[in-house]
Every structure is written in structure tokens, then in C-alpha cells.
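What follows is subunit A paired twice: with subunit B in the first complex and subunit C in the second.
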Partner chain A sequence: MSMGRLIVVAIVALVAAAMGGSRRPRWWLALNWVGTAALLGAAMWILGGGAEWEWRSAFAVGGERLHLRLDRVGGWFLVLVAVIGGAGAAYARGYWPDRERPASAGRGRAWWSALVLCMALVLLCANGLHFLMAWEAFALSAFFLITLERERREVRMAGWLYLAASHAGTLALFAFFCLLAARTGSWDLGPMRDRPGLAPLFWVALFGFGVKAGVFPLHVWLPSAHANAPSHVSAIMSGVAIKMGLYGVVRFGGWLPVPAGAGWVLLAAGATSAVLGSAFALAQNDLKRLLAYCSVENMGIMLIGVGTGLLGAGSGDAAWGRVAMAGALLHVWNHGLFKSLLFFGAGSVAHATGTREMSRLGGLWRSMPWTAGLFAFGSMAIAALPPLNGFVSEWMVYLGLLDAAAGHARDAAVIVPATMALGLAGALALAASVKASAVVFLGAARTRVAAGAHECGWWMRLPMLGLAGACVCIALAPLMVWPLIQRSLGTWNIAWRGDGTPVPLAALGAAQCALVAVVAAGGFLLWFRARANGLRRAGTWDCGYSAPTARMQYTGGSFSALAVGWFAWVLRPDRRRRWPKGPFPRHASRVERIPEAVLERVIGPVGDVVMGASAWVRRRQQGVLPDYILYLVLGLVAVGLLVALGGVA
Partner chain B sequence: MNPALEFVVRLVVWLLLAPLLPGIINRVKAWVAGRRGPPVLQLYYDLARLWRKGVVVSTLASPGFIAGPAVAWVAILGAALLLPLGPLGASPSFRGDVILLVYLLALARFCTAWAAMETGSAFEGMGAAREVSYAVLAEAAIITAVLTLSLQSGSVSLCAMLAPAAGPGAALLAVGLFTVLLAENCRVPFDDPNTHLELTMIHEVMVLDHSGPPLAAVLHGAAMKLLLFSVLLVQAVLPVGKLPAPAAAGVLAAGVLAVGVAIGLVESLLARYAFRRVPLLLTTGFLLCVFALLISWDGGGA
Partner chain C sequence: MSGALDLLTGLAMGLSLVALGTSRLPSLIRVAALQGVVLGTMPLVMEHDLRAMVVVVALATVVMKGVVIPVLLRRAMRTANIDRDMDPLIGFLPSLLLGAAGLIGAVLLARWLPLLPEHHESLLVAGSISTVFSGLLLLIGRSKAISQVCGYLILENGIYMFGLLLISSTPLLVEGGILLDLTVAVFVTGIIVDRIQRAFDSLDTRKLTVLRE
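Let's look at the complex of A and B:
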């Protein structure tokens, strides 16, 4: 089937799914799968070496002819949209079914297909005007998905915050595309590297796409939106939607001439996001908020890779830039896969227990062995531990950075600190992932809801297994993915076209396979030896303490207290204590909350000032005629002064 | 030498010689204190005894409780096999293997902390929390040391990075790496490997509930990790890779012995630090590595 037909099938199927999906769940699932399978086929065809696809309509939409194009950069991201769009649809069938959520399930299905379709269109549009339309529709359908459970106040708050932040970014994108169209005289998008006058526009685009990508400190909307959305929505938001922001940075970093400092700014922003994102993640006690901050961290890792890629492209298309950029691209896939897996896992925990509060959970592995195992797998992958896929991409980013440092590259002054930040973030992310998986799934159940948990159904389990399988494939055979990355990179920067593998991926893949084999052998040996010697169950020894209770376990808060103390300067924990008083104390409590520091300590106060000023202005607007005459006179005088001074100058 | 044979020799060295180092350290400590001390081969006897013993597992623990020590042991062994051993170059050497080494150690840490959290014990949770928190600073120092070595040697694979001497910043790097060695292996002044019932320990408290063969894997893994850091330190600082084979082997052995004696002396002469001051000490180690980095930035790459 030709490329155009695949795309038409995808669009028609997804439109049909969005229109009719609210009443017919089975048809919706089938249509959704047809659509995502067609998208996946188109994207893989093009990444597998097929010709790039371009189409212009004869008719005009909004005064411009439609111009769709699928190249290998867009195709790379389209794969992720299709995979998570398909897996999440299956998950939603088990997680958000009509019988449990009669009010919102149908709505959720319709908006899901709309979101997948809009994200695909963002990747396809090669006309600035239609890109903006698709971008806005994508932001809106995500808003309706986040607020599916809109009867809860915190969900509405999270939704509004997301919408406001998203539009702040869209405003910047409006400015970007309008300025671009004004300077080039056309809304058409494409490579424009030969026009150095366009370089400053990159900063505007970086802000606009950075908000969507959740780069620190533009991430303020991200934690509450990801935590309060239904989990399949969190999965696609965190796994795919924020990657659209990165797509924008990659796309226009490749098409536009980039300003001299762009690589430095990206590396600095990436390093900040990586370190602070993982510090915030470690401090959270809400399972989904923890995962959300982890996305900020991983976005930082990808930005470090992209920034290094830009620096490499700027210093004579150095090979180290190519390696780091390849790492960033692979991390887009990897993070999309295991973050969605983790959000699916968190969703099945929330589904089984009704809470996301980690200090109320514990010991869930016994009742939810599948979820526990898959969540642990995802945690290890996201902590970039070998032999899993997160390590492969992070290793490539490291390799690019180290190569640049070892070669005493011109930009080593920013590359070396970024490498150190990456190491720091890696160790913090490991602590956060131990916390997330161990506090929730291990030990004893801390509350009754945790003790009464149940395993999720097959509709929820199979998507998780599928995603884990994809992770394993990338982890054990990274060399298979390399040609696809290579083609995508060659489209991004023509100088990096070529068949050679500048990365020893074969050696790494062999090392990972060997590690899996030896781990399996060692595990079985130890297990058999323990069984042969006699394996007995007894209570936890705990230094001989005779009556341990579940509440004595280390909680998530105490687990991270040490590192949170080091980062108190930015985390600003909100602590309220009531000490016990007197010989028979009645009350004693200690409440600790980690606020979203940027939102509550920076944007909140600034917003208060703006609101205060607006209220003051409103008091001047009382409909009194003399006042308005005074304003007019003052305005005229001001204009007159301006003209007079301008004339002198 | 035939690469396969060389690989086997290195495997044997790591597996068989690792438990010797804690014995040497204990000997030094006993000698300073004027005691007779345990035999040098005590850890071998312990391992043999534990391998034959039965296992008691907490009722709360999942199968991950047995898998944790197994994965951690394999990860440490894998990391060790990436290191060249003086005249025996690492056969699976490739560009970027140094990052694999760092992350294999992280894998070991994840599994140890995971197994500790399995038991639901407050003590073990405390140890796991401390381990992963202090590792943040230690990892920053290790990455800085890696950067220093790659700036110095202009290479990103362990064999080439560790072959030459560390240049003018060698002394700073040695002290910085020694600090990390003490922290990562839970030695005084960060931790006290002799205590078993204290609130202030890190590694020992995480393995309180292990017994039998899994405990043997934990202890052997800890010994391998100690040897790994000693070998890394010696090769990072001395130009072992540039010497003829017999001299390289001799220098490496003498260097590791010297590190063991130094650890023993530190443990005899210093008390454990208060926990509040541990991050300060680790930060000092990190800063020493940063200074070594700055020196090699200026002078290296020739």
C-alpha cells in the first residue's frame, strides 16, 4: 500500500473513532488500532528506508493550501505516537470502562482518538498555519482528557493550570510562526539554514516548545496535570505529548539557522532539568507526581543530548555530536516506552487501592505480582540500569559528551559540567526509582486498602507486557535500531548521513546479552542452592525486635529525607509540626508537603502582584465621564511628548 | 596471550583473590591494635560455611529477596571484568565501557537497596536510604574522576584511560578516589564494618536479614567491590599499563596491598564521623576530583 493511502486510512479511522467511539467501545478500539497501526506502518516504512512523503492539497484551509509531509525526523516521533496511542487504548478498556465510569468513559475514548490524530497531524503539517491549528487542537484534546474526572476540584485546577501554561507556550509559537512567515513571505516550513537573519527566532520557538516539553522552570503545569489525569492519559501525556515539545526543538533546531549560544542554553537547561527534576521526583510522596517529575528529569537528559548535537553540528559536524544526538533520539523512544509502562503500573495500583499516596501503600507484590514485576522492570529501565534500554540511550549521550571532553572540544567548558550533572541526576533518579518501587510494592501493607488490593485484568496487563517487551528488544539488540536512528539523524543533518556506526553498539549489545544470561544463571544457582540447603520462612529479624508493625517501616518521606535536606534550598519543604506537650500529650503531628517551588514561590507571588494591579485599575473604571476625559487628555499629552522627543532624536 | 585464556585468568583472579583484601585489612588493624586478629583467610572460611548453610527468609519477602544479591553479585563481577588488570588488558574493551562500569555498580546498589526494602524492617530501610543518598555524591565524584582521566588520556575506554599516569593532578585524584572508595565500600570514617547492631551504619544494616548462600554472595560481592575500587585507584594514578608485564603485575599487586594497608590504618586511627559530617567529607572528595579535572584540563591531551 502506498504511503498516502496509509495516512488516509489512519486519518479516516481516527476521525471515525473520535466521532463514534463514545458509544461503541469495541468499534472504537478496533478503529483506533487500525489508525495507529497505519501510522506505525507509515512511520516504519519511512524509517526503514522508504521515500519521504509529501502532499499538497488543491483546496485551501484557512487561506492556505494543506501541505503534509512525513520525513524521517517526524517519522521517528510518529512511531511513539502510534505505539502508545494503541497500547493506551487497550489499557483504557480495562482501566476506564463504561461500567465504572459511565459519565466520562465515552468522552475519554473520543478525546483519546482526537489526541492521537492531532499529534500525528502536528508531525505531518509542513505549513506554519496548519501546524498552529493542529498544535492548538492537540493542546485542547489533552485538556479534555486531563479533566475527564472533572467533578474533582484538584482535577479541574490541574486542567486549568495546564491550559494556561499551554497557551502561554502557544502564544510564543504564534509569534514564532508569524515572524517566520513575515520574514520568509510564506507559511511553508522547510530547511532554511541559508538565512542567518532567522536565527533569533529560535529563542521564541525554544520558549514555546519548552513549555510543552516541561523543561525546568517551564514545567509548572506538568506535575499536577500528570498526577491528576487518568493514568492512561498520564501515560500518553508523559510518554508522548511532552515529546512534541522536544520535536519542535529538534525540528526547528535542524531547519533554522541556530544562534551561536543555542547549544549552551540547551545544555544548561537540560542539566538544570535533569538534576532538579530528579531531586523533585525523589522528594514526592504521591506516586504519580514522582513519575511526573521523573519526566522533567528525562526531558533534561534528552535536551543535553540535543544540545550536544547542536554544538557538534556547529563545530564542523563532529562525530561526538552525532552520537549524543542519536542518544537523545533513542531516549525519546525509550522514555516513551518505560514511562508509559510506569504510568500504567501506577494506574493499576490506583485502580486497585484507590490511592496514589505512597505512605498508604506497601506490600502490594503479594496481591499484584504482575504489576509489581513490571513496575520494577520500568523503574530499573528509567534509572538507566544495564542491561535495560534506558541505559543504551543514556550511554550514547554520555559517550558523546565524554568524546567531546576527551577531544578537548571548543565547548568543553559547558560539556564537562553537563556530564557531571548527568551523573548526579542519574544517581538521584536511581534513589527515586528505588523509592517508588520499593515503598509501594515491598514490605508489609501499611493500610487496609493496600492489604485488600487486587491484580489488574488482562486488558491492563497486556499493554504493559507489550511495552516491556519493546524495551527488552531495544535493550538486547540496540544494533537493530541503529539504522533507523541513523536515517533520522541523516535527515536532521545531512552531514551525518552515512552507514558507519560511530558507536560500539554491537559490543554494548553483546555485553547486555551476556549480563542477562549470567544474571539468569546466577539467580537460578543461588535459588537452587538456597532450596537445597533448606529455605525457611520466619518473621523479619530486625535486630531481634519482637513486635514490629507495618507502621514502623521506613516510609517514602523518611527514605528521601536525607537527600531532600540537601536540596532544601530549591525544594522549600513546607513543614508543620505539633510537638507533644505535658505528661499525657494529646496531639502531636508532623505534616510535610513538598510544594511545586517554581509555581508557588515564583509564579504565585508574581500573579498576586498582577492581580493586585488589575484590581487597582478596575477601581479606576467606574464609568465616570470626567475621569475618562482626564485619561484622554493625559494620553494625548503623552503621545505629544513622545512625538516631540522622537522628532528631536 | 590468547584473549579467552586471559579472560579466564582475570575471572579467576577476581573470584579467588577478592576475599583476601578484607583479610589483609583486618590483619593491619589487629597489628596496630596489638591483637592477634582473625586469620587472613577468615573470609574464605566464612564464605564456605555460609554456602553450606540453610536460609531463613522473612515472611514479607518476595522472590526478589534472593534475586537481589544474585544480580548485585553478577553486576559487580561484570564491572570488575571490564577493568584491565595490569598486563592483562580487558578483553571486552570498547569505547564507553567506563560508563557501563559506573552503571553496573549502580545496578548492584539498586538490587542491594531493593532486597533491603523487601523485609519491611525500619533498620534496613534506613540503610537503603543512606546508601542511595550518599551514592549521589559518590557518583558525582566518580564521573568527575572519569572525566579527568578521559581529558588526560584523550580516550573514553578503560584500557586506554587507565594505562598512563594521571598526570600532574594524580595526588589530588588519588585522595579523591580513596575517599570515594571508603564511602562506597562502607569503611571508616563513613561506616564501621565491625558494627552489626547500630543505628548509624549503612551497608551492614542493609544485609541484616540475609543468610546462607545469599549472604555469601553479598559478602563476596562486597569483597570484589573493594578490590575493584583498589585496582581502579592504583591504575588511575600509576602508569601500570605502560610498564612491561612482570613489572606491571608487581606494581599493581603492591599498589593494591598499599591501598589495603592504608584502609587498615585509616580504620585503626580514625573514628567514624558523625553522620551530619559525612556529606561534607564526600563533597571534599568530589572537590578534590574537580581540582584534578581542572589541572588535567590545562595540562592534558598532549
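Let's look at the complex of A and C:
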């Protein structure tokens, strides 16, 4: 089947799924799978070496002819859209079924297909105007998915915050595409590196796409939206939607000429996101909020990779830039896979217990062995532990950074600190993922809801298994994905076209396989000995007490207290304590809350000032005719003064 | 000739100040009407050769501004049973002072403006600006609908004076059109005044704010 037909099949199937999906769950699932399979086929075809696809319509939409184009950069991201779009649809069938959510399940199905379709269109559109339309439709369908459970107030708040932040970004993109069209004289997008006058536009695009990507100071919408959305929505938001922001940065960093400081800024933003994202993640007590901040951290890692790639491309297409960029691209896939897996796991916990609060969970591995195992797997992957796939991509980013530093690259002044930040972020991320899996799944149940948990059904388990399988494939055979990365990189920067493998991926794959074999052998030995000697079961962490209670365990807060102390300058924890008093103390308590620092300390006050000014202006607008005439006169005088002082004839 | 024109202009400027200083509505209407008459006679003084058209327009202006509009306004005032603007937004003395300041400013501004050489000596530009300013001041500072209509009239008088500068190149027909507009506006306002009076039992336009949104 030709490429165009695959795309048409995908669009038709997804449109049909979005239109009719709310009534017929089975048809919806089938159509959604047909659509995502067609998208996956198209993307893999092109990454596998097929010719790039381009199509222009004879008719015009909004005064411009449609221009769709699938190249290998877009195809790389399209794979992720298709995989998570398909896996999440299956998961939703078990997680958000009609019988449990009669009000919102149908709506959720329709918007899911719409979201997948719109993200695919964002990747396909090669006309600024239609790109903006697809981008807006994508933002809106994500909004409706986040607010599926709209009867809850915090869900609505999260939705509005997302919508506002998203539109702030879209505003910048409007400016970007309009300026681009004004300077080039056409809405058509494509490579235009030979026009250095366009370079400053990159900053506007970086802001617009950075909001969607959740780069650190622009991430304000991300934690609450990801925490309050249904988990399959969090998975696609975190796994795929924020990657659309990164896609924008990669795409226009490749097509447009890049200003001189772009690589530095990307590295700095990436390092900030990575370190602070993981610090915030470690401090969270809400399981899904922790995962959301982990996304900020991982976005930072990808930005470091892309920034290094830009620096490499700027200094004579150095090989280290190519390696780091390849690492960033691979991390896009990896993070999409294991973050979706983790959100699916968190969703299955929330489904079984009805809470995301880690201090109310604990000991779930006994009742939910599948979820516990898969979540632990995902945590290991996201903490970049070998022999899993997160390690492969982060290793490539490190390799690029270290090569650059060792080769005394021109930009070593920023590359070395970024490497150190990446190491710090990795350590914190490891602590955060240990916290998430240990507090939720190990130990003893802290509350009755945790004790009464049940394992999730196969509709939820199979997508998780599939994603874990994909992670294993990338981890053990990284050489297999290298040609795909290679083609994508070659499209991004023509100088990097070619088959050479600058990374010893074969050795890495062999080492990972050996590690797996060693771990498996060790595990088998342990199991064998345990069976031979017999097992004695005891309460976790009972520390020799004769009658331990669940409250004696490490809590999430106590686990992360040390690291939260290091980062108190930015986390600003809000602590309320009541010390025990007297020989027979009655009450003692300690409540700790980690505020959304940027939102509450920066954007909140600024918003208050704006609202105050608006209220003041509004009081001036009250229908008194003489006042209006006065405003007119003042305006006229001001214009007159402007003309007089400006010397405009 | 120039002397007579300047005399008339000065008279109009003085009348604007009187309008700013008075609180009684009948005298305000009278001042506005008188200013209209003064302005109406200006083209007759200016033109060397009195064409029939100029005479007709001047006559129409005098009749319209000096007779028709004041009569309409006075009738509206009588229907509304009101003859004072009791609580202006800007007091009478402050508005008088502001008007005086505006007059000085207008003279300075007229000197500074890049005018044609033949207009440099004339008081007409300064008079026109100061009259416009006085009209705006009345519009902003007074609360009753009728004083605001007078403000519009004085504002229009200022614009008319400015138009006189171009009398040799622009036909007075344009001026006639503006005059027609103004008459219609006064008609409409007269009707509205009546309605406001009936609906709100007051002519204070500030009370119209309950209609917002």
C-alpha cells in the first residue's frame, strides 16, 4: 500500500472513531487501532528507508492549499503517537469503561481519537496556517481529555490552567508563524537555513514550544494537569503530547537558521529542567504528580541532547553533536514508552485503591504483583539503570557531552556544567523512582484502601506488558534502532547523513545482554537456595519490634527529607509542626506541603497585579458619558504629543 | 477687515468662557446661540466679494444656531422642568480657570503650529482651538443632558471656525452638511431628553449607568 493511502486510511479511521466512538466502544477500539496501525506503518515505512511523502491539495483551506509532508523527523515522533495512541486505547477499555464512568467514558473515547489525529496532523502539516490549526485542535482535545472528570473542582482548575498556559504558548506560535510568513512571503514550511535574517524567530518558537514541552519555568500547567487527568490521558500527555513541543524545537531548529546562543540556552534550560524537575519529583507525595515532575526532568535531558546537537551542528558538524542528538531522539521514544508504562501503573493503583496519595498506600506488591513488577520495571528504566532502555539513550547523551568536553570543544564552558547537572539529575531521579515504587508497593499497607487493593484486569495489564516489551527490545538490541535514528538525523542535518556508527552500540547491546544474563542467573540461584532452605516471612521493616504498626514505616516525606532540605531554597516547603509537650504528650503532628513554587510565588503574584490593574480599569468603565469623552480627549492629546515629540509630520 | 474678524473671534472666545462659568441653563443656551450668530456673521466679514451662496449659508447658520436650535433646547428644558446644572462634575470656577488656561494654551499652540503665512496673524486658529476645548470641557464637566448638548454646539462652533480658514478653497456646502447633522443631533437629543426625564425622573446622564451591560 502506498504511503498516501496509509495516511488516508489513518485519517478516515480516526475521524470515524472520533465521530462514532462515544456510542460503540468495540468499534471505536477497532477503528482506533486501524488508524494507529496505519500511522505506525507509514512512519516505520519512512524510517525504514522509504521515500519522503509530500502532498499538496488542489483546494484551499482557509485561503491556503493543504500541504502535508511526512519526513523522517516527523516520522520519528509519529511512531510514538501511534504506539501510545493504540496502547492507551486498549488501556482505557479496562480503566475508564462505560460501566464505571457512564458520564464520561464515551466522551473520553471520542476525544482520544481526536487527540491522536490532531497530533498526527501537527506532524504532517507543512503549512504554517494549518500547523497552527492542528496545534490548536490538539491543545483543545487534550483539554477535553484532561477535564473528563469535570465534576471535581481540582480537575476543572487543572484544565483551565492547562488551557491558559497552552494558549500563552500558542500566542507565541501565532507570532512566530505570522512573522515567518511575513518574512518569507509564504506560509509554506520547509528548510530555509540559507536566510540568516530568520534566526531571531527561533526564540519566539522556543517559548511557544517550550510551554507545551514543559521546560522548567514554563512547566506550571504540567503537574496539575497530569495528576488530575485520567491515567491513560496522563500517559499520552506525558508520553507524547509534551514531545510535540520538543518536536517543534527540533523541527524548526533544523529548518530555520539558529541564532548564535541557541545551543547554550537549550543546554541551560535543559540542565535547569533536569535538576529542578527531579528535585520537585522527589519532594512530591502524590504519585502522579511525582511522575509529572519526572517528565519535566526527562524533557530537560532531551533538551540537553538537542542543545548539544545544535552546538555540534554549529561547530563544523562535529560527531559528538550527532551522538548527543541521537541520544535525545532515542530518549523521546524511551521516555514515551516507560513514562506511559508508569502512568498506566499509577492508574492501575488509583483504580484499585481510589487514591494517588502515597502516604495512604503501601504494601501493594502482594495484592498487585503484575502492576508492582511492571511499575518497578518502568522506574528502573526511567532512572536510567542498565540494562534497560533509559540507560541507552542517556548514555548516548553523556557520550556526546563527554566527547565534546574531551575534544576541547569551543562550547566546553557550558557543556561541562550541563554534564554535571545531568549527573545530579540522574541521582535525584533514581531517588525519586525508588521513592515511588518503594513507598507505594513495598512495606505494609498504610490504610484500609491499600489493604483492600486488587490486581488490574488484562485490558490494563496487556498494554503495560507491551510497552515493557518494547522497552526491553530497545534495551537489548540498540543496534536495531540505530539505522532509524540515523535516517532521522540525516534528515535533520544533511551533513550527518551516512551509515557510520560513531557509537559502540553493539558493545553496549552485548553488555546489556550479559548483564541481563548475570541478573537472571543470580535471581535463579537465589530462588533455588530459598526453595532449598525454606522461606520465613516477616513484616517489612519491623526492625525488631514485637508488634510493629504500619505507621512506623518510612513515609514518602521522610524518605526524601534530606534531598528536600538541599533544595529548600527553590522548593520552599510549607511545614506545620506541633511538637509533643510534657511527659504525656497528647497531640503532635507534622504537616508538610510542597507548593508549586513557580506558580504560587511568581505567576500568582504577577497575575494578582494584572487582575488588580484590570479591576481598576474596569471601575473606570461604567457608562458615564462625560468620562468617556474625557478618555477620548486624553487619548487625542496623547496622540498629539506623540506626534509632536516624535517629530512625525 | 482683519480687525473686524479678530473682534468677532475674540467675542466668540469670550462667550465660550461665559458658557463655562454659568450655571443657569437658559443663559447657557443663550450664550451658545449668541456664539452661533457671531460665527454666522464671520463669513460675511471675511469674503471680499459676497457671493449669493455665502450669504445664504451665513443666513442659514444664523437662523439655525441662533433661533431654531435654542428654541428646541428651551422647549426640552421646559418639558424637563429644569433650569440649573446643580452638581457639575467639574465646578464652575475650576472649569472657568481651565477654560482660561486652555485659551492661553491655544494661543501658544497656534503660534507653534506650522500654518500658512496668511493665517499667522489671524486670531482664528487660536479661537477655534480654545472654543473646541471649551466645548469638550462642557461635555466632560457637566452632568445634565442639556448642558452637554450646549457643549456639543460650542464644540461644533470651534470646528466651524477652523473651517473658515479654508473658506476660499472649500465650499461652504460642507459646512452646511455639518450644520444639518447638528440640527438632527439636537432634535434627537431633545427627544432623548424627554425620554430620560420620563424614565428616570432626572436629566442626570450619570444615572444612565444603571443601563450598562
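One rule holds in what follows: the second predicted complex is superposed on the first by the 626 of 649 C-alpha atoms of A that agree within 3 Å, B and C clash if a C-alpha of one lies under 4 Å from a C-alpha of the other, contacts with A are read in each partner's own complex, and residues count from 1 in each chain.
Keep this in mind: contacts are C-beta pairs under 8 Å (C-beta built on N, C-alpha and C of every residue); 3 or more make two chains touch, one makes a residue touch a chain.
No experiment lies behind these values; they were computed from the predicted model shown.
Participant: Between subunit B and subunit C, positioned on subunit A by superposition, is the outcome a clash or a fit?
Facilitator: They fit: once the shared chain is superposed, the two partners occupy separate space.
Participant: Quick one: is A:Val643 in contact with subunit B, with subunit C, with both, or with neither? Answer first, second, both or neither.
Facilitator: neither
Participant: Just checking: does A:Phe559 make contact with subunit B only, subunit C only, both, or neither of them? Give me first, second, both or neither.
Facilitator: It touches subunit B, and subunit C stays clear.
Participant: Please work out whether A:Ala588 is in contact with subunit B alone, subunit C alone, both, or neither, and reply first, second, both or neither.
Facilitator: So A:Ala588 meets neither subunit B nor subunit C here.
Participant: With both complexes superposed on chain A, which partner does A:Ala538 reach: first (subunit B), second (subunit C), both or neither?
Facilitator: In the superposition, A:Ala538 contacts subunit B only.
Participant: Please tell me which partner, subunit B or subunit C, touches more residues of subunit A.
Facilitator: Larger number of subunit A residues touched: B.
Participant: Regarding the shared-chain residue A:Ala550, is it in contact with subunit B (first), subunit C (second), both, or neither?
Facilitator: Only subunit B; A:Ala550 stays clear of subunit C.
Participant: Once the shared chain is lined up, is A:Val61 touching subunit B (first), subunit C (second), both, or neither of them?
Facilitator: neither
Participant: Which partner does A:Gln622 reach: the first (subunit B), the second (subunit C), both, or neither?
Facilitator: second
Participant: Once you lay one complex on the other using chain A, what is the shortest C-alpha distance from subunit B to subunit C, in Å?
Facilitator: Comparing every C-alpha of subunit B with every C-alpha of subunit C, the smallest gap is 59 Å.
Participant: Once bound in the complex, which stretches of subunit B touch subunit A?
Facilitator: The touching residues are 51-60, 62-64, 66-67, 69-71, 73-75, 77-78, 92, 94-100, 102-104, 106-107, 109-110, 113-114, 117-126, 128-130, 132-133, 135-136, 138-140, 142-144, 146-147, 150-151, 153-156, 197, 208-209, 212-214, 217, 279, 293, 297, 301.
Participant: With touch defined as at the start, can you tell me which subunit A residues reach subunit B in the complex?
Facilitator: 362-363, 365-366, 369, 372, 376, 380, 383-386, 391, 395, 398-399, 402-403, 405-408, 412, 416, 419-420, 422-424, 426-428, 430-431, 433-434, 437-439, 442-444, 503-504, 507-508, 510-511, 514-515, 518-519, 522-523, 525-527, 529-530, 533-543, 548, 550, 552-554, 558-563, 566
Participant: With touch defined as at the start, can you tell me which subunit C residues reach subunit A in the complex?
Facilitator: Residues of subunit C touching subunit A: 89, 136, 139-143, 148, 205-206, 208-209, 211-212.
Participant: Quick check: in the complex, which residue numbers of subunit A touch subunit C?
Facilitator: Interface residues on the subunit A side: 622-627, 629-630, 633.
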